[in-house]
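In what follows, chain A forms one complex with chain B and a second complex with chain C.
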Partner chain A sequence: MTIILLVFAAFFILPIIWLLLAPTKTNTQLLLDGPFSFGSFDQLVANWNELFAFGSGVFSTWIGNSALYSFAALAITLVVSIPAGYALALIEFKGRRLLLVTTLIVMLIPNTALVLPIFLELSAARLIGNPLAVILPFSFFPFGVYLTYIYFSTAVSRDLLNAARIDGAGELRVFAQVAMPLATPVIALVGFFSFVANWNNYFLPFLVVGGDKIPVQVGLANLLSNVPAFNPTTASSIVIQLPTLALATLLSVAPILLIFLFAQRFLVEGMTAGGTKE
Partner chain B sequence: MTVTAPPAPVDAVPTGRRRPGRRRASRVNAGQSRYGYIFVSGYTLLLLAFGLLPTLYAIYLAFTRNGAFVGVDNFVRVFNDYRFLPAVAHVALYIVYWLVSLIVLVVILAIVVHAIRVRWLGNTARFLFYIPGAIAGASSVLLWLFVLDPTVSPVSALLKGMGYESLVNVVAVDNLPVVFTVIAFWAGAGGWIVIMYGALNNISADIMEAARIDGANAIQTAWHIQLPMLTKWISYMGIMSLAAGTQLFVEPKILAQATKNVVPEDYSLNQLAYLYAFRQGDFSGSAAISLILLVVALGLSAVFIFRGKLFERD
Partner chain C sequence: MTVVAAAAAGLLVLSGCAPTASGGGEGRYGFTEAEQVPDSEITVWVDASREPAVTAFQEAYPDIPVKLETYDGNAGGSGSFQSKITLMDQAGEGWPDVVFSTQQNDAIWASKQTLNGEQGFAAPLNKGFLDQDFLDGFAPGSLDYATIDGTVYGLRNDLAQTVFFYNQTLLDQFGYEVPTTWEEYGALGDKLAAEHPGYILGSMGDSFMTYVYYGGSESPVFQSPETAVFHSDTSDANAEGISKIIDGMLANGTLVQDSFFSAEFAAKYADKLVGVPGPVWYTGAIFQGGLATPAGQIGVAPPLSWEGGDVAAGNVGGGQWYASSHSKNLDAVKTFLEFVTSADEFQVEASSGYPAYTPAAEKWLDKQAEAAYFVNDDFKTVMSDAAAQVWDGWNVTSWSPETAWAKVVIPGIAAGETVESLLPAWQEELENEATVNGYTVK
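On to the complex of A and B.
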């Protein structure tokens, strides 16, 4: 049993450790030294400078685009999902069940399944190339509505809301002053999952934006064409060395990796939310 | 990559049966119901714009050509494309590898981690398994380019021992289903292990204790008690992963780019749909393929919601 555990722990963690060490080496060191050796901080700085000098700093632009898309979509997602999940859980209205079941079905299909249809639609709407073509589809996050729905239907009682109503509070005040202060955990949870999903999304932005509008996930794949080790015939005169590509890979996931490290407990709670709350 | 951050297990979803309190609530005034509509309006707009409308538009495109209704012509054309059946076969083979390894290994690992008595050790193991989930999409494929390239790989001895001298050898077409399975497993399995672990925690201590008193060893307990209790979670994981597997795109796309098309650019169905739209300018053909994939995904999801036991309250 211990052996199974160790083998799989190594399988899951060694690639990450390798990725943390590779940017500290020169190309030669990467090829010749042991895979888990440390190069030097000077070399890390040199690789860093090479990466950010590439294409007059296009890497920073990509990171900036990723941040813009992810945060803008996150904001819209929260603004529309929290009230929607609240209403689905605690307000009775016609069509509530239809909306709930639709949300479940759409939530369970892989998000890539709608990417080409969305591309075709945006293309007909002449929105291709516009940042909105990424932000708006990213904002549609049924899983967030579902999480909010589960949260409000288990953590907030109708009696509490009714008490506020009897005291004369209108629906907006009930939502803003009774429900919202209780909603902090679910807001954080929805925000987390939305941000991670959007930051890591490759397929949709790959199709709907180009040029200097691409996020880092798409940019990373573009970098690949400038790596002579993988593309010996590369036409570009400016080349990217392998350690620099490794650094780019690491930086492209750094925000998510940091969130994972610091929000560990929280994350596990979120993933098992449905299982433990009844 | 489509396997990271699996949606949280969905245990508390009502399917039809109203809670006792609901009936009373449904008599409340129309004013409250009006606010219900206001609260869901923003989300409903997005649902229409990026859920329903693209689906309808894809249906329209798939059954027309240059605006004229052509019945199933587009589908026939796609089916007859010499690249279509190989793409189906590639994806199917990958799914078989992926599902079998996922189900067997995730269940074993969850049970093994669950059996760890030392608290911090169990937590650490789960965390180590889960952390690759942070690295998804193009980034994980890039990382695996390094891992699979014998010249720089952290496991180059292993790769060379298996007779591979270069990246191109490793990602030969016949190896791809295994390669994609390894990548997907690396990034996605941890999330499922955490979910299975949570499900194992829900098995009452009394039952486990009774088994122990009856003299069941760890393997008997796993087989006769834990495994049956996990069935619904396993089917949930299986269906979600099957749906995600049909969508294969990023991995072959980036490997194709890295190997100058040693990995073919029409390896998977989504890649083919992409080529139809972008290379051939054939939006109808592209819509036909993506519609087939969408129907598969919707079908699996709907079957699961309407028939799956997971959505009924225990």
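On to the complex of A and C.
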């Protein structure tokens, strides 16, 4: 059993170790030295400098764009989807079932299928090229509504909320002072999923923003087109080497890694919540 | 990348893209102009390597407002140029004014009217928009890839004609002559393998070798004699001849299978490459780049030909500039296009490729001569002659010839089969791709 686990661990961890070591090497070292050898810190600095020199430091702009899009969308998502999920779970109103089914259906539609209508809509609203063209579609997160719905309908007792009502609290107060504090794990979970999905989204920002407004994932594709191994027949005066590309890839996922490390306690709580019932 | 390509294909289906040429004929310049807004800003899409072109333009023409947007340059089949334009065609607005593409085949789609009635994105350039005198300044044949039914839709940025590079130091050491024909190239392989095993005359590890060896040997493998018609004949004498030479050299080890851009190649063969047919950009990308061969060793000879045949060069790459037919400031677009393709500030001073515009190319060659990298003084004549000798029997289509080569031939060679035995399968794959792309195979 242990052996099987070790084999699987090695299978998943080895590529990551390789990726972590890659930026410490030169292009030649990367391909000729042992796959798990360490290059040097000097080379890491050299690759770092090369990456941030590309396009006069455009890499920082990309990271900044990604952060702006992801955090702005995250804020809107939370403000919208948490109350929505709460209402769907705990308040009886007309059309509730229809809304719930619609949420589920929209969740199942792949994002790419919606790209053309979204593009036309944004174009009609004259938002193409504007940060809002990314932020608004990113904020549409039916999975978050569904997750909150599940949480509130299973993990939060109606009796508790009713008790608050009997004590004279209005609906808003019940939501804000009783339901919300109980929902911290699911808020963290929705926030995390939304942030990861938006940070990693390539296709939508690729189409709706250009130039210096692109996020880092689209920027990586621009970097890639300057790597001769991937694009040999283009006469390029600007050449990005593979270790620099590896460094860019690592930096592009670093924020998610950091957020996961800090948020993991909430995330684990959120995921197991609702699994058990008293 | 696949997602982008798939989505682009999906958009094509949605827009019902049918291959109808827009023909044009309207307006002063052969297309319907948008209402012109004098002095309005023009948006330019370039890849990172072409940013200096825009910067140089802004310095030379500070009064013309230019918005620079860097994108992936439509590199290696990303299809980003077409995906984005197709969406803008649907929206009916938002197009850039000038686009640089690293691919050669965009005119095929960009010249066509879209089904919802938008005219093709690329503006016809030789119907009065640009002066014929200026267009005549481009190397003969260099505008062919972007010419459809006699209308020029794109300006070539750089040429990628093939020549024969040789290492003079090694040739002297072994007492060999520079080959001038494909037959001599094959024979030199036999001799080299027998007398100095381990030394090589090239590699088949990259899929663009199809242009070098088959385009350069006038093999009618990839032809589109008229719009939406595809022709391939791998049983042609030239195609079979060059395949036999390649097979012989693969067998004796003088052609290897490592990619030129792999570090393995640099490590194993940096001082073992006796000669190689290849595009002019090998100078920077391979000899001065990966192999780091010092100045004073490499020479440049004319492209190889068949014994008794004419000299013909292959072509491997070369970007294109397109003007938007929807531009609101065509005067600025015209100034921009003329500047980036012909002015010294970019083409001579800041461009790594061989300029397609002949007067710029001459100055570019002078600049290379100052660097004194090559052993032979006549390399300028060799390169400029080859620029005019690119074989016109290798065409561009809406898909790349490299995929069939990469799918059928490269794995076949790696599995120990001969290229000659793979020719029918290669042709079949090419014809299948043609059919899938809406071409009639003739």
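Definition applied: the second predicted complex is superposed on the first by the 240 of 278 C-alpha atoms of A that agree within 3 Å, B and C clash if a C-alpha of one lies under 4 Å from a C-alpha of the other, contacts with A are read in each partner's own complex, and residues count from 1 in each chain.
The definition used in the following text is that a residue touches a chain if its C-beta (ideal position, glycine included) is under 8 Å from a C-beta of that chain, and two chains touch if they have at least 3 such contacts.
Owing to the predicted nature of the structure, the values given are computational and were not obtained by experimental measurement.
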Inset, instruction - Examine A:160 and indicate which partner it touches, taking first as chain B and second as chain C; both and neither are also allowed. - result: neither
Inset, instruction - Figure out whether A:150 sits in contact with chain B (first) or chain C (second), or with both, or with neither. - result: first
Inset, instruction - Considering only the touch criterion stated at the top, classify A:54 as touching first (chain B), second (chain C), both, or neither. - result: second
Inset, instruction - Kindly classify A:211 by the partners it touches after superposition: chain B alone (first), chain C alone (second), both, or neither? - result: second
Inset, instruction - Report for A:127: first if it touches chain B alone, second if chain C alone, otherwise both or neither. - result: neither
Inset, instruction - Give one of first, second, both or neither to describe whether A:28 is in contact with chain B, with chain C, with both, or with none. - result: second
Inset, instruction - Using the touch definition from the top, say if A:249 reaches chain B (first), chain C (second), both or neither. - result: first
Inset, instruction - In the three-chain superposition, say which chain, chain B or chain C, touches more residues of chain A. - result: B
Inset, instruction - Answer with first, second, both or neither: which of chain B and chain C does A:226 touch in the superposed model? - result: second
Inset, instruction - State which residues of chain A lie in both footprints, the one left by chain B and the one left by chain C. - result: 30-31, 112, 115-116, 119-120, 123-124, 202-203, 207, 221, 224-225, 229-231, 233
Legend entry - Partner chain A, residues of chain B touching it in the complex: 1-2, 4-16, 21-22, 25-26, 28, 31-40, 42-47, 49-51, 53-55, 57-58, 61, 105, 108-109, 112-113, 115-116, 125-139, 142-147, 149, 151-156, 167, 186, 190-191, 194-195, 198-199, 202, 240, 243-244, 246-247, 249-250, 253-254, 257-260, 270, 273-274, 277, 283, 286-287, 289-291, 293-294, 297-298, 300-302, 304-305, 311, 313-314
Legend entry - Residues of chain A touching chain C in the complex: 27-28, 30-32, 54-55, 58, 112, 115-116, 119-120, 123-124, 128-129, 202-203, 206-207, 210-212, 221-222, 224-226, 228-239
Legend entry - Residue ranges of chain A in contact with chain B within the complex: 1, 4-5, 8-9, 11-19, 22, 30-31, 35-36, 79-81, 83-84, 86-88, 91-94, 96-97, 99-121, 123-124, 136-137, 139-140, 142-143, 145-147, 150, 153-154, 158, 171-172, 175, 193, 196-197, 200-203, 207, 217-218, 220-221, 224-225, 229-231, 233, 242, 245-246, 249, 252-253, 256-257, 259-261, 264, 267-268, 270-278
Legend entry - Parts of chain C lying in touch with chain A, wherever the complex brings them together: 1, 3-4, 7, 11, 14, 45, 47-49, 51-52, 67-73, 75-76, 78, 80, 83-84, 87-88, 90-94, 102, 158, 160, 206, 208, 259-264, 266-267, 279, 281, 284-285, 289, 316-319, 350-354
